[in-house]
Structures are given as structure tokens and as C-alpha cells.
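Let me begin by presenting the structure, written as C-alpha cells, before commenting on it.
By letter and in written order, the chains are A, B and C; residue numbering begins at 1 in each of them.
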Amino acid sequence: MPDSSRLSLIARRLAISAVLVVALAPVVWLFSIAYKPVSDIFASPPTFLFSPTSDNFQSVFRYFNLGALIESSLIIAIGSTALSLLIGAPAGYALARAESPRAIWLAYFFLVIRTVPAIATLIPFYLLMRDIGLLGTWWAVIILNTALNSAFVVWMMFSFFRASPVSIEEAALIDGCSDFGAFIRVALPSVVPGLIASAIFCVMFSWNDFLYAMFLTKADTKTISVALLSAYGTKDISWGTLGALAHFSTLPIVAMMILLNRYFVQGLTQGVH
Amino acid sequence: MSVVSREGGASADDSAARSTGWSYDRKRQLFLAAMATPALLYVLAIAVGPMVQGFLYSFDSYNLIRPGSRHFVGLDNYIALWRDPTARQALINTFVFTFGAVTLEFVLGLGIALLLWRDDWFNRVALGLLLIPATVTPLVVGLVFKALLNPEYGLLGYPLAELGLSGPRGLLAEPQRALATLIAIDAWEWTPLMALILLAGLKSLRTDILEAASVDGATGPQRLQHIILPLLLPAAFLALILRMMDAFRVFDIIFVTTSGGPADATNTLMIYGVKQGLEFFNIGAASAVSTVIVVCILVMAAAFIGVLKPAKNRNA
Amino acid sequence: MKPFIGRGTALALGVLVSLGVAGAEAADKPYQGMTLNLASQNDQFAAVLAAVAPEFEAQTGAKVNVDILSYPELLTKITADYVGHTKGYDLATVDIVWSGQFAEAGYTVDLADWIKRDAAEIKVDDIYPSLMASLGGYHGKQVAFPFAGYANVLAYRKDLYEAAGLKPPTTMEEFVADAVKLTDKSKKIYGFVANGQKGPAVAQDWMQYNRQFGGSILDKDGKPALNSPANIASVTAYKKLFDEAAPPGAADYDWGGREESFRQGLVANMQTWSIGAADYDNPKVSKIAGKAGIMLTPSAKGQPQEYGIGGWALGINKDIDPKKQEAAWAFIKWVTSPAVHKELNMRGAGSYLRKSEMTDPELLAKYPFLPVIATSFEHGDGDFRPRIPQYPELQDLIGGAINAVLVGQADPKTAMDGIQAKAEALFK
């Protein structure tokens, strides 16, 4: 265990605080510009003082249908996460329990699938969605996100299930429990932190994705991350609007992270034994 | 049926279960296969299918804007990529970025994980806060740093330029240092995640081994090198491979900060490919680029797994 | 072929069909229940368009959804929409330089006949010919209708010129000389700023600069002549100007960065699109309120007095059905009509189109620099960026090369020679 003398504790906490400042300062700045009048954001030389304004937030509400954007982001994130867990967890379980080298290779296959670059799948997928009539709907994005997210879930759950002891399951099986029952009643509960950790990854991936969402959605189904790019624009960056909009795109994820970080850590601890 | 030893350790029950009969095995095998099939089929259809189709496109000269002129050209797209100095530079930049970012993130992440190892309220809060950079949309991260690093009005860029630490045009406009700056930005965003995974690995280490080592007189650094690091391999493996795959496909932060500039210094394969595919709608070329990306990642991952896995198993 | 339209649109169309079957309904709500999707560039006019759209609905019953997109997003999405025949957007703002590409590919409805038919209603003669020709016009077709005209004007700091005892430039030679004289790096005042960022940003600004010296990207046969001695000299001069008189960060500026540097008071001269002009006197966004002047851009000695123009037009998606096309055309006519268009500009759209607007007393009171823009339109040159189908790739090549020169990565001759070969390949 790390040694616990007083001096080293203070030194350690100072170091951590320094790291935190580096980590959080840009985020604080991002949020602060939402309250600054545009002329002050880019004062040269830069200043810290300003008189707060709500103009930027008003711009956001006026130019963007914020409710619809958040709705789209939520539906896509939750939809693809739910689907990914639904098909990914059982697959991870199966690969973990199968005990064959083939299973391990399959697990790696799933891990690597996530690396498929967007440009490879985007155009063929776009054309496919057009042909079956789903282009512009949330489903198109959910379907594509799920493919990548579920592959990741399979890999994650594969690791977690491998770490979870078989003995209780096997006992249940001997006692007459069905295979599926053992999965639901014994195996799953033992990896709940892992499920949560996987879910968090999926939500983050879908929520922050903009390339797929931009391409596959229409005006009324687009997500907040796509809108962020519009807020940025090219001929006239409205940074204030960007900062205001960033509140809505970042805070939900931050909140989720803060609330669930305990499970996240716990989950990862279990999975990387 | 061959048995691969599991880290969880085999128990007597395992063999008892397995010896209950052939039919049980087969039934269980079918069950497991059924559990895995939906995911496998889904991924093959949605992710692999279009990718294979895209791969086939890479052998055509195919531009969506002029669909009538589509025709087979064999390896021409790949040859053109190889001949194009912009594409070659993009390939180099992508590798440099990947290795630079992953290494930096690993070293910093390990340091932070070691600092946060002890479980107390301060560290728990710190960890929660530390994860915040990872939650900000990469696009926004890029924009934030682009503004902060601006030499005329950025809170970071202005002092840097004044002190002569950056050229007068700012770090992002210097061909020699733009890529390094982007690596630093990427590190800002993803080191916390790296630290988290490594911390999880640290926390799962068996304390008895470590205590035994200190009792034996091993110093801090010695403990680190000979005991902690090797035992940390599984966590490190996961963290490194995840980051490596993602860093190779970096797009968002580069797109909004430098768009591949200045002068191709930060052009990566993804930026190049997206420009070909989504700006010029040159599907043939874009598919060739994406095939190259996938092949590179596969090769890197295979090499990685090949090197680290025996080490991981050895240390389990 | 499976229909892909959403339920809402299907419902709207259904209503429309039954209306049509029932016969002509009330004349004042001809498009009741219809929804038009408009993809708009994120320029000043976007917000104003969104604000006035409900008035069109009140008059005609057609709801217009204005979707505000950034430039790369806009081009990618509407091109994908046209190429994939997905009918996601009925209307779109079309950049001046896309005219050739759109014409060749046939993405949008050719409005030439409708314009002739409705000429009186539109008051065609009131629209500047240069705008009609360049914003959407291409070899006799009109693939989009002009809507937001921008003039390249010179924004300058009256106070800095006075303090230095200089008069605003009338020729490009004077412009360059003034820029150098007004630069005082110790005081962080620079005489010049332009886009330097790789890609469309630097390409546009350099092409404008080049044109003012009489240079041209294409030779008289319309083939690329990027490495002509005149062009190479122009790039060399541009670099020199950047080094001597521009803020150091300029090599990475795009339009936003360039405007910001002017508004923050760093720069004495900036050639820019007229659309940003109104902001300089707005204390909320500008630190130089009251100190900026707008004037015509100079040309080199001996060159014809022409002024760069640019801007946006409105295009109708060719894939949508005739009734929707009609509604879209009605919207275009409505939004570019003298009354409505003036209203757009009163609300700050900064997008000019009609001669009547430039002499309107209310607009003049708000934007006293309108005569500058008017003259620019009268002698407007919309082709300093060739509006040919190969333009996007050409722009990309030029943007890469010039930026490389500005950051010292390449010398002008090598850079231009390098892209000449690639450019020629585009024209095969």
C-alpha cells in the first residue's frame, strides 16, 4: 500500500489538486463564455472580468429547438444502449463460458469491430437506410450505433463474466436450474457494475457522436452534438451560443458520470482483474 | 473440447459439472451458441456487411456525384494513395499521433492512478471530477482549445506567445508543433479514462503480495517496477488497446481545430478519408482509405495482443 | 420503390391531395398543411429567415422549417440529399460557388422559365444583374434564385488612418503600402488581415486578392493556370503582406477569426464581405464601435474597377413533387419580394439584392454604407472564384497550397507547381 506519512499525503493531495485544475479549467471556461457578452469573450489581451449576460442562452432558445435536440439525443443514446446490452450481454456471457479458443477469438473480433471507421460504413449504410425507408429517422442512427456499441458490450461483458466465479452458477445448474435461468438469476446479478460500466460507455459514445448522426438524421431528428457544429458555423463563430449549447450537451453526461462513477469504477475493477 | 485456463481459477465443481454427460455438454453448447448468435448476426449484418461493400467500392472509380462514370479500376485507388504525398503524410501523422497520444496518456494515467490509489473521500471526489473531461463532446473539446490557444485572445495562447514559448502564430499554426499540441489536447480529454482503468487494475491487486514485498525491504520504485507493473498488465492491456484503436481514428478534435493543417501537418487518415468521402463524394478513394485504416488497426492490435498476451498469462 | 417520407409529411401530402381533389380552396391559403424544409447556412440571414417564416405560413398555410447548418454540414447534407434522392430538404441556400456543380449535376430546379413567366411579379429589373447572373446562374440556367448578396468591401479604421496622416487607399498598391505603414507590432496594431487557414478560407481571400491585381486562376480557355508567373508573384506578395503586416495568428484565421480580430481593434484594414459590416458599430460585439468605415475595395493601377461579389441563393430540390416545388417557388418569390426582403435587412440580415433597397431611406439610416455595396454590385465580379463544377476540389488544392506557403512550409513556385498537375487532372 502506498505509504501514509503526513507529508506524502499533503504532497499527493497537492499533486492531485494540480491535475484537477488542469482537467477542469477548460471546462469552466467553456461554461463561463455562455455568460459573457460576445465582445468580451475575445478581448485581446484576454480578461477574466466581465458583466454577465443571458443573451447567449436566449440565442440558443431562439435558434434551436432545444427540446427536440435533447429528445433526439436521449432517444438515440438510450435506444442504442438498451439494444446493445440486450444482445451484447448474453453474447459476452456465452463467449466467457464457452471455454474454447474459438470463443476468445470471437471476443477479440467484437473488440476490433468497434474500430471500423465511419467512412467505411457510412455511405453504404446511408444508401441502405434510404432503400428501406428509415433514412432520417432515429432508428437509422440507433441501428448503426448499436452495431458498434454491442460489439463493445460483448467484449466488456466477456471480461466481466470471465472474472465472475462459475461455481455458484454450476451449483444452480446442478440443482436443476435451466441454463437461461442460471444466466438471469445468478450470472447477471454478479456483474451489475460491469453492465453499468458498459452502459456508460455506450451512452457516451452515442451521445457524443456527430458524424453518424449528422449524416443519417433530418432537421427534426438531429441530435445536440450535430447542433453544436451548427452553432460553431464558419463565417461567424458565435462562441457565446456555443458555450450556452455546450451546457446542455455536457451537463447530462457529467451528471450521469458523477452519479454513476462509483459503479463505473467498481465495474472496471471487477473486469480488469 | 479443449480447456483454456481461466484467471478465476478452476474449481472442483467445474469438472463435476462437465462430467455429468455428453448430452449436457451439447445442450449447454447449443444454449451458449444461441445466446451469442443475435449479437454476432447483428454485427455481421450492420457493421461488417457495409464494410465489405465499402471494401469492394475501393476497387472502383466511383463518385456519387457522377454515378454514371463508375467503373472498375482494380488497385488504382490504393496506388494513388501511395503516390499522393498528402496521403503518405497523413499515414505518418496518424501513427505518430496514435503512439504519442497513447504513450503520454498511459504514463500520465499511471501517475494519476498511483496518486489516487488510496481510498479516501478526497480521492473519491477527485476521481469523479477527473472524469469530466472525458464526458465533454470531442468536438467541443477541439473548439475550446482552439479558442484557448489562440495567440491573440486565448487565455493560454496569449501568455504562451508573449513568453515566447510558442511562435507568434500560436501552437496550432506551427507545422512542427501542431501535431504535438493536438496530442496534448487528446491527452487532456482521455488521460482520465486511462487513469480510471489503471486505477481499477491497481485496486484489484492483492494486497498481501505488496505487503510481503515491503516487508522484504523492496523500495517504492522497486515495488512499482517488479511487482505492480507486471500485475497491472491486464488493465494496462485493456486501456492501451482501447485508446490505440480510438486514437488511430481521431477526427473530431482535428477537424475543428486545424482541419488537417497547417500544411498537412495534422492531416490524418480519417480527415483525409472524410474529405474524400463526404466532401467530394469520391467513394472509391474514401473506401480505399478506410480499408487502409482497418488493416493498420488490425495489424497493430494483432501485434499488441501477440506481445502482451503471453506476458499477461504468465503473470496471472 | 418504397416511400420513405415520414408520417407527418405523408399526412400533409394526403391533405393536399384531398384539397386538390376538392377543387381550388380559399385562395389565401393555397398550401395549407404543407411543410417545407429549408437548409440554411449559418450566416446572419439564417436567424432572420427563421423569424419571418411564420408570416409566410400565415399567408399561404405552408410551414417553413429553417434548419441552420454550418458550411461543411450544409454542403454534405444537401449533396447527400440530392445524390441519394432522399428529399430531406425542399429548399436550400446555395453558395455562389456551387452554381456550376449544381447545374452540371442537375440537383435543383432550373428556374429560368419561371423567372420569365413571373418577371413582373418578381420585379426582375430591380434585382442587380450581377447578382442574378452569379448567384445561381450558370450558362443560361438558373439553378437557384439570388437571395443574399454580399459585396467585398474594405473595412478600415478611420481613427488609425487619421492618426497616421494617411488617406484610405484607392489602388491596391496604396493598400499594400498603407498596410505596412500602419503596422506597429509593438502596439499590436496590424495593417492587414485576411484568412490564412488551410482550405476554403485562405483560398477565397487569396483569390480575391489575386483578382484585384488582375490575376486569374484559369486561363482564357477555362483551364487551370495555377502556376502562371502572375499567380506565383501574387502568392509571394501575399505571403510578404502576411509576414509584415498581419497579426501572427492570421495564418490560421478563418472568417470568424478574421472578423474577430478587426472587431477587437487589432487591425487597420480588412477586406471582407459586407454582411459583417453592421457589427462593427455594435458595442455588444465590437470594441471599435464608431471607428470603422466601409469603402470600395481598390484595384491595382490600370485594372478595371470591379468589385468582388458573393453570397447565397435559394435552390429548389428537383426531386420533390410539383406541388411542393410550386410552394417552394412561392416562398422564394415572397422572401425576395421588395417588402419582405427589406424587412429581412431591417432585422439585420445584411443580405442585399434589389436596387430599391440600396436607396431606401430607412435602410440607409440604419446602414449608411449601403452606397458602397450598391456600387460594388453594379460593377460586380462574381467569378473571381470560378463557379465551375470542379470548384470544390480546386478550392481545396489552392487552399492547401497557399496555407503551406503562409506557414513557411513551401515556397510559392513549388506549391503552385505542385497543385497545377493535380488541377489539370480534374479537368480530364
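The rule is simple: a contact is a pair of C-beta atoms (placed from the backbone, for glycine too) under 8 Å apart; a residue touches a chain by one contact, two chains touch by 3 or more.
Note that the structure is a prediction, hence the values are computed from the model and not measured.
Q: If each chain is a dot and touching chains are joined, what shape do you get: line, ring, star, complete or other?
A: Shape = complete; every chain linked to every other.
Q: Any idea which two chains share the most contacting C-beta pairs?
A: Maximum number of inter-chain contact pairs occurs for A-B.
Q: So, comparing C-alpha centroids, which chain is the farthest one from chain B?
A: Chain centre farthest from chain B's centre: C.
Q: Report, in whole Å, the distance between the mean C-alpha point of chain A and the mean C-alpha point of chain B.
A: Comparing mean C-alpha positions, chain B is 15 Å from chain A.
Q: Distance from the CA centroid of chain B to that of chain C, rounded to the nearest Å?
A: One centre to the other, that is 40 Å.
Q: Between chain A and chain C, what distance separates the C-alpha centroids? Give it in angstrom.
A: 38
Q: Please list all residues of chain C that touch 2 or more other chains.
A: 72, 76, 80, 257, 260-261, 264, 266
Q: Could you tell me which residues belong to chain B and also touch two or more other chains?
A: Within chain B, the residues that touch at least two other chains are 64, 152-153, 278.
Q: Which residues of chain A are in contact with two or more other chains?
A: Each of 42-44, 215, 229, 232 in chain A touches at least two other chains.
Q: Quick one: in the complex, what on chain C touches chain A?
A: The contact residues of chain C facing chain A are 2-4, 6, 37, 39, 41-44, 46-47, 50, 65, 67-73, 76-77, 80, 84-86, 88-89, 188, 200-201, 254-257, 259-261, 263-266, 273, 275-276, 283-287.
Q: If we count contacts the way the header does, which residues on chain B are in touch with chain A in the complex?
A: Residues in contact with chain A: 1-4, 6-8, 11, 13-14, 16-17, 20, 27-29, 31-33, 35-40, 42-43, 46-51, 53-55, 57, 64, 112, 114-118, 122-124, 126-141, 143-145, 147-148, 152-155, 158, 188, 192, 196-197, 199-201, 203-204, 207, 210-211, 220, 234-235, 238, 241, 245, 248-249, 251-252, 256, 270, 273-274, 276-278, 283, 286-287, 289-291, 293-294, 297-298, 301, 305.
Q: Which of the residues in chain B come into contact with chain C in the complex?
A: 64-67, 86, 150-153, 157, 161, 167-170, 172-175, 258-265, 275, 278-281
Q: Taking the touch rule as given, give the residues of chain A at its contact with chain C in the complex, in rising order.
A: Spelled out, the residues of chain A in touch with chain C are 37-39, 42-44, 55, 62-64, 126-127, 130-137, 214-215, 218-220, 222, 226, 229-237.
Q: Report the residues of chain C in contact with chain B in the complex, numbered from low to high.
A: 72, 75-76, 79-80, 83, 101, 105, 196-199, 247-252, 257, 260-261, 264, 266, 392-393, 396, 400, 403-404, 406-410
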